[in-house]
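Two complexes are shown next, each including subunit A; its partner changes from subunit B in the first to subunit C in the second.
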Partner chain A sequence: MLEAFHNSGGQGTLFWVSIILYAAAAIFSLALMKNPKVCTLVSNGLCILASVFGIATSIIDIAIEKIHTDLYVFQSAIPYLSVDIRLDRLSSFFLLCLSVLVLCVSIYAIGYVSHYFGKRNVGVLHFLYAAFILSMIFVMTSGNAVFFFVAWEAMALLSYFLVIYESEKEENVNAGRLYIIMTHIGTAFLLIAFMIMFSYTRSFDMFGSSAAIPAFAKNIMFVLFLLGFGTKAGVVPVHIWLPYAHPAAPSHVSALMSGIMIKTAVYGLLRFVFSYLGVQNTWWGVAILVLGIVSALMGVAYAFVEKNIKRLLAYSSIENIGIIFIGLGIAFIAKAQGNSLVCGLALAASLFHCLNHTLFKGSLFLGAGSVHFASGTKNMEELGGLIKRMPVTAVLFLCGALSISAIVPFNGFISEWLTYQSLFANILPGHALINILTILSVAVLAMAGALAAASFIKLFGISFLGLPRSERASNAVEVPGVMNVGMGILVTLCLAVGLFPMAVLQMLDRVLTGFAGISILPQLKNGWLTAFSPLSISGNAVSPAVIAGVFAGVILAALVLIRIIGGKRRERKVGTWDCGFESLNARTQYSATGFSKPVKIALKILFRPSRVVKTEGDLVYHPESIQYLVGIEPIFERYLYDPISKLARSISHKIKYSVQTGSIHAYLIYILLTVLILMFYNRIA
Partner chain B sequence: MMHAVYALIQIIVIILAAPLVNGIIRKVKALTQKRKGAPLLQMYFDLFKLLKKSVVVSDVASWIFRAAPYIAIASAVAASLFVPVATWPESQGYAGDMILFVSVLALGRFFMMLAALDTASTFGGMGSSREAMISALIEPSLLVTLFTVALIAKSTSIFQIMHFTAGVGIPLLHPVYILGFAALCTIIIAETSRVPVDDPSTHLELTMVHEAMILEYSGRDLALMELSASIRQLVFITLLVNIYVPHDQMIALYGLSGFAAIAVSLFVYLIKVVLVSILIAVIEVHAVKLRLFSIPNLAALAFIVSFLGFIQYFVLGR
Partner chain C sequence: MSSYLDILSVLLLLSSFVLMANKRIKSHIRTFRFQSAMIALAAGILGVNSLIHEGRVDLLVVCAVIIAIKVIYIPRLLHRVYANVEYKVEKDFFLNIPILILGCCMIVVFTYFALSKTDGINTGTENMRVVNSVSLILIGLFFMISRKKAIGQIVGFLVIENGIFVTAMFATQGMPFIVDMGMFVDLLSAVMILGIMVFKINEKFDSIDINKLKNLRG
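Entry: the complex of A and B
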């Protein structure tokens, strides 16, 4: 370890300090398990400290000239059993996203975890939390595929345990089971890809050359990487675990899972495909783009009809991964076409969206946690009127919702704008198929944007506005200040990034020059957010800060002018207009299900809505009770996964009765056959 | 400094002209129905009167309900900055980008939809959820239409696009612009809550979308909501007429410059707006309100037309 300190520069020391602090957090949380209060404070305190060191590490690493920094290299006698931890600017960028999120989430957790006191063992929770963060850091900083794989697997297992932390709930255990199966299918694809990598290059070095790998093997590896990382990212159609697993975990862990864990897949794709394999064919980018389009649309469509707050957020993560993949797809296409400027722009767009999604999805999951903390439910149909009971949470949540809906002056708009600009720049004469795909991406982005805004209007409007729909909602009180501080930092960052995007873009430019050798700064001039469009020399410019100023100016002018014309505001408070009937109550409001119904019917090809009306009683027109059941058809589960699992079951059933009979004679024959086959194989080979 | 002056003229022209469009539409509708109709300036009188009245607010409502009118007007006015009404000698201080334009309008819609849910009224929820559907269906066509003209003009700035089409001569002679024009007309009807998508003149729960959302508003809040809706409408009309029927080339033809050019240009612009208002009124008179679940067909039509426009130019070649 001492040697490690010696080998690296300043940021190396900071990095190891942060690692040691995370490790200490993990150890102390187990040691102090008996006293939940102290345990929570110490463990989260150490995580906060560690994340500050993490932020410093990544900022310094992005700022310095040196592109790669070896932090720790351990070469064993067996060549592929080496440990190689290194930091380059891409790793640092993701480490920065992670550290910022961990900082806020750990502050929040100090308050949030208190509702587990006396009910569950929080020591274990904090241990898993810190270890989970460590595993993600090693995923991001590993320089060797074997070590990467170990960290990747650790990340999957630790997050599995976090998903089933509240294991008394049947649904959580089921979610965990689905998650562990899906993530291991993804891991299996990665394992095969790493084996192909080793069989050609005799090395697991992620920063090495892939020249020895023939083109067809690279194509196979690309598909394996796309499936493997795609499963972790939650792209459609390998997304089915995500809407169940993310909501099942404790909310601050959900924020980490949705905020940063799914981005490790983006990191993996960039590291192994973009950087290691090198983009060879245009169809690679097209495949990523198509996955992105489908995920963005399906994710947001399912989010819109969801009424569980956390599941809505999880589906929205699928949408945002789709947007990131649209950017990545464009970058891959442009790279294959040799169009490095568009490639840089698209990479900047997707990395920017990674950062933004970390910030706003983190804050929204924390907000959902606050709602759950205060009311005990995640079901929108039981909420309502929280804005009066939890005013601070409501404002913070609203800001998060505005950010994710890509509305100026918040940060979501900036990355969406960059994505649109890269799509704009990608339309070049002479590529009919790519042009059609690109304009379809534009349409999908537009629809996803409108539906995302509608989803969050629904989420906020139904849960925070109107009248409380249940006892729980009307008894809710504002959460402890420390939780709002954690969420508040994230929301402030959303606004700051939205108002001053150039600061982030300058950082991204350094990341891109270090990682892809492309500089986007010449296209971003004058301090405005100005992007290059390859078909013109004129710049397309927008300035969120000026627009925010215009908003403020107009509001002020309106206030003053109306005051002059109409005098002081006179306000009368009366009940909501009820058409002269009996007064309205919470049940006459629109429900979450009702809100999404028009879209559900308009897109019925996708949702296949079902409706069952059960009436009881003999009288047709005056039944004793009416039961009304609505639902949507889970098309992926029904048409993709059910047939596969049925097939797997029937095969294993057959094997059980025809091959694995339990008869010793049969097994002796199997052994004999195996020996014979091996002998023949040796003879031939 | 001049930028600020132009921006101010721009804002004032749009705010002052916006209610007039509604007046013309109502007048033309009345005339076609053999009625005398309200005076052209009725909406100005209404707004002025509303501003002086006291406000009735539901006791369920939170600050969202009270803030929404101001945010709606801010969003509409900010959006009006992006669509030049006249020949400005140079690009405005910050070039309005069409993506930003869409996002700025989305801010107003976001708060309007929230405010509708804020009073716990069934009507509000109804309008809000229908608006969600309509916006989700119409947004793709809007972006594709704007993207197509932007790609031809090689810039996403609306100012640059208008500048470019003014150089084309008569854009509506080219198929790509005809298709875009048709798509944008449909989009405008949906975006500004006009027949056949919505009916601005009724308060019947079966038809209403926009009216349902602002049902709980009164007094100055209602005035702001109405004004911002009419500004939005004029902004879209300006987008339509200044991209597809540009008149800048005419001004240049007569060799005008400076403030004379701006004045003439403004005058021509207003004539175009009046003509489009009459066109909208004629469409409204001759159309019936669509069933809510037939709106997806209209949106699909708009999308197909805009998509064909793109294909015509960028895939089949010019």
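Entry: the complex of A and C
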């Protein structure tokens, strides 16, 4: 360990301090299990401290000139099993995202976890939480594939235990089971890819050369990496675990899972495919782009019809990972065609969106946690009117929703704008098919953006506006201040990044220079408040700060004008006109299901909505009760996963009855045949 | 000496054919006893040989142990086990005897084919002995497959063990003493456990027909 301090610079020391603090948080949370209050304070306090060190580490590492820093290399006596921790600017960037999120989430958790006191063992939760963060740090900083794999598996297992933390609920256990199956299938693909990597290069070094791997093996490895990392990222069609697992975990953990865990897949793709294998064929990029398009559209379409707040956010994560993959796909295509400017721009766009998604999805999951904390339900149909009862949470949630809907001056706008720009820049004469695909993805991205905005209008409008739809919603009170502080920091960062995008772009430029050898900053012209399109031909530019300023100015001017023209307003409070019926109540409001109905009908081909009307009573015009059920068909479960699981089940059933017969004679025959075949093989070989 | 060993090797193979043709359990045990005696004889011949040329006595000790365990103790144990379980005359095998004998012949031919190119054992008569003893192993396994009653399985298992022992002995002119002894201890405990299991099977299923064990499957 001492050697490690000597080997590395200042950021190395900071890194180890943060690792030790996280480990201490894990240990103390188990030691102080008996006293939940102290345990929560100590554990989260240590995590907050550790994350501050983590932020410092990553900022220093991005700022200094040295590209690679070996933090710790330990060769064990067992061959190829070595602990190898390295920091380069790409890892530092993801470490920065993680640390910022952990800082806010840990502050939030001090308040949020209090509702588990006396019900569940909080010490275990904090232990898993800290260990989960540690495993993600090691995924981001490991230097060889074996250690990466160990950290990756640890991350999967720890997050599984966090998903089933509230294990008394049947649905959580089922969600956890689905998650662990899917993630292990993904890991299996990675394992095969690592084995191929080793069989050609005789080395597990992630930073080494892949020159010894022939082209066809690289193609196979790409497909394996895409499937393996895609499962973790939750791209359609291997997304099915995500909408169940993310809502099942405690909300601050959901924020981590959705905010950063699925990004480790993006890191893996960049590290292993972009950097290690090197982009070889154009179709690699096309495959990623197509997955991105499908995920963006499907994710947001399902988000729009969802009633559970946290599940809506989880589907929206699928959409955002789709947008990130669109950027990645363009980067891969451009790289394969040798267009380094577009490649750099697209990479910047997708990394920027990673950061943004970390910030706003983190804040939204924390907001959903606050709503659940205050009202005890995640079902939108039972909420409503929360803006009166929890004003601070409502404002913060609104800001998060604006960010994710890509509204100026929040951060979501910048990265989506950059993604659009890189898509437009990728339209070049001579590549007809790719041009068509690119134009299609522009259209899909636009549609996804519109649907995302609609989803968050629905989420905010149904849950926070109007009248409370249930007892629980009307009894909700504002959450403890410390929870709003955690969420507030994230929302402030969303706004700051949105107003000063160039600061982030400068950082991203250093990341790209270190990692891909591309610098886009000279092409971004100048300006501190303005993000310029790097296209020299059109000179597109956008400045969120100016837009925000003008917008505020216009509103102010309008208010002043109204005051001057209209004179002093008199405020009067009367009930809403109710057409002469009885007074309006919560039942007369627009419901979440009703709000999404038009889109459900318009996208009938995707949702295949079903409707059942049950009428009880003899009288046609005056029935005793009418029951109206609407549902959508889960097409992926029904047409992809059900047949596969049925097939697996029938095969195992057949094996049970035809191979594993229970007859000793049959087993002896298997042995005899095996011996005979082996003897025969030995003879002819 | 070599011609004695050749004759013994052929006799061993012949005894396994005889075993396959036996219908009654008592004759199974008798044939096994005969086979074990042949092995003891072979070990004795090799032992005398090594005593004269190298001054080693271990193979003679092995010969004595074989006589004690395989010729005297195990057949007696099997007789006792068989006497204690209920005796029912019923068809014990799946295929009829001629087909089984034909199968054995095919196994010998196959073994000859499989080993004909193997290096190191392909010199002169050694090859014939190894082919015979490897066939003995496979015929033992085939015998286990062909019989329904649990005692048939025990005898088959013992024949496989005999085959392995003879193969090792012919191929190496006597294995290290401690390995031989270890094998005997193994064998002894295995046969005792199998004997107890036969009682248990008989107790549970009112028969020693191992086909009925299918019911155990979940």
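Quick note on the criterion: the second predicted complex is superposed on the first by the 647 of 685 C-alpha atoms of A that agree within 3 Å, B and C clash if a C-alpha of one lies under 4 Å from a C-alpha of the other, contacts with A are read in each partner's own complex, and residues count from 1 in each chain.
Note that contacts are C-beta pairs under 8 Å (C-beta built on N, C-alpha and C of every residue); 3 or more make two chains touch, one makes a residue touch a chain.
Everything numeric here is computed off the predicted structure, so don't read it as measured data.
Contacts of A:L672 after superposition on the shared chain: subunit C is touched, whereas subunit B is not. Of the two partners subunit B and subunit C, more residues of subunit A are touched by B.
Within the superposed three-chain model, A:M33 lies out of touch with both subunit B and subunit C [touch as defined at top]. In the superposed pair of complexes, A:V630 makes contact with neither subunit B nor subunit C. Using the contact criterion defined above for the overlaid structures, shared-chain residue A:F680 touches subunit C, although it does not reach subunit B.
Legend: residue contacts after superposition of the two complexes on their common chain; A:A154 is shown touching neither subunit B nor subunit C. In the superposition on chain A, A:I555 contacts subunit B only, with no contact to subunit C.
Within the complex, the subunit B residues that touch subunit A are 48, 51-60, 62-64, 70-71, 73-75, 77-78, 81, 93-97, 99-100, 102-104, 106-107, 109-110, 113-114, 116-126, 128-130, 132-133, 135-137, 139-144, 147, 150-151, 154-157, 160, 215-216, 220, 224, 292-293, 295-296, 303, 307, 310-311, 314-315, 317.
On subunit A, the positions that touch subunit C within their shared complex are 660-665, 668-669, 671-672, 675-676, 679-680, 682-683. Residues 94, 110-111, 113-118, 138, 141-142, 144-145, 153, 210-211, 213-217 of subunit C touch subunit A in their complex.
Interface residues of subunit A, counted against subunit B in their complex, comprise 304, 384-385, 387-388, 398, 402, 405-408, 413, 416-417, 420-421, 424, 427, 429, 432, 435-436, 439, 442-447, 449-451, 453-454, 457-458, 460-462, 465-467, 528, 533, 535-536, 538, 540-544, 546-547, 550-552, 554-555, 558-559, 562, 565-567, 569-577, 584, 586, 588-590, 594-599, 601-602.
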